[in-house]
């Protein structure tokens, strides 16, 4: 998984029907050190995340291993809102 | 998922039979900020997208999670035409 | 999917038995603009492609969604020979 | 698989329920030569790894091929603590 | 698939039980032109490869499509020892 910050959302009226009802958020990838990257992901939201939340992102087929995303054409989901990062080294 | 702009199409007469009937579009990846990248994807089109449309792209095995792409050798599909991006941070 | 040019082939006598009989081609990735990249892929050939052909490449688990590649340890296949690219933007 | 050093952990109270009980570690990718990279992965821990351990990381759908991670939205796991690297060339 | 040179091996006593018995080799990725890269992969060995062998590497879920790797948490395997590369362009 990777870490990111929610920075916005994407709206699409015309879309594949299996995506109906999904909130699609824009996540900017960051390093655990806090360093911002220039990589962005569009992810389905499973934990009611909001702008500025630091989140945990799962990608690939693993993004479909939940009740809500099973058999959906989604390749990235937000699986958690991060409370704390302990970076010890 | 990622965001891109449809910039063209690809034609192949000689192809794997399971690809028959698919419109294959060229999508240029962009950042949610609008910044164009030099990364391109060839994607099956599920939403009747056209040149200049901003689209949402699903990749990997998740691209096969639709009626039209099930068990097809396709690793990228356009799943939505984007109406609006809200970038708040 | 991505686009590439067939630039050669790879021969392996000692190999996993499920790969027996596969022609393995070397594909140099290019941009739809024609720009050559320094990225190469070794791909199974399903469409009798030859050196200098411009081809369409499917990667990942989607490469196994054909009669010939089902349950084979292959992660990239050539699924089409490209006749024409329309790049409009 | 890739090699990394455990450098910390991530805590998320609000998370997808299938992630409950997982220890999520931060792994900094390194080269087998020992060179540190600037790439980090958040991975589920299956072998009780600790900070400063050199570990082996499996990613993608293969990360779900264990009793503990089956059908979980996890795309990276620590599958071993590395005792020794023999780099001969 | 990609091409690499076997440059060493990795030893882990404490590991996920499904990895027991696997020889884990370090493969340095190379270009078909012979150019060495700074990318390394840890891969299960299915063909009794040795140091300095040029090998063919399969990654992702396709790495599990063999008798030995089925349902194992392995995301890269060596599927062949390369005898010859014909690079014609």
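Observations on the structure shown:
Labels A, B, C, D and E are assigned to the chains in the order they are written; within every chain, residues are numbered from 1.
Convention: a contact is a pair of C-beta atoms (placed from the backbone, for glycine too) under 8 Å apart; a residue touches a chain by one contact, two chains touch by 3 or more.
Predicted model only: the values in this text are computed from it and were never measured.
Here the spacing of chain A and chain D, counted between their Cα centres, is 19 Å.
Centroids built from CA atoms put chain D at 31 Å from chain C.
Annotation for chain D: residues touching 2 or more other chains are 60-61, 63-64. Taken as a graph of touching chains, this assembly forms a single closed ring in which every chain touches exactly two others. The ring sequence of chains is given as A, B, C, E, D, with chain A as the starting point and chain B next.
Residues of chain A that touch chain B in their complex: 5-16, 18-19, 24, 26, 28, 38, 40-43, 51-52, 60-61, 63-64, 71-76. The residues of chain E lying in touch with chain C in their complex are 1-3, 31-32, 46-48, 56, 58-66, 69, 77, 79-89.
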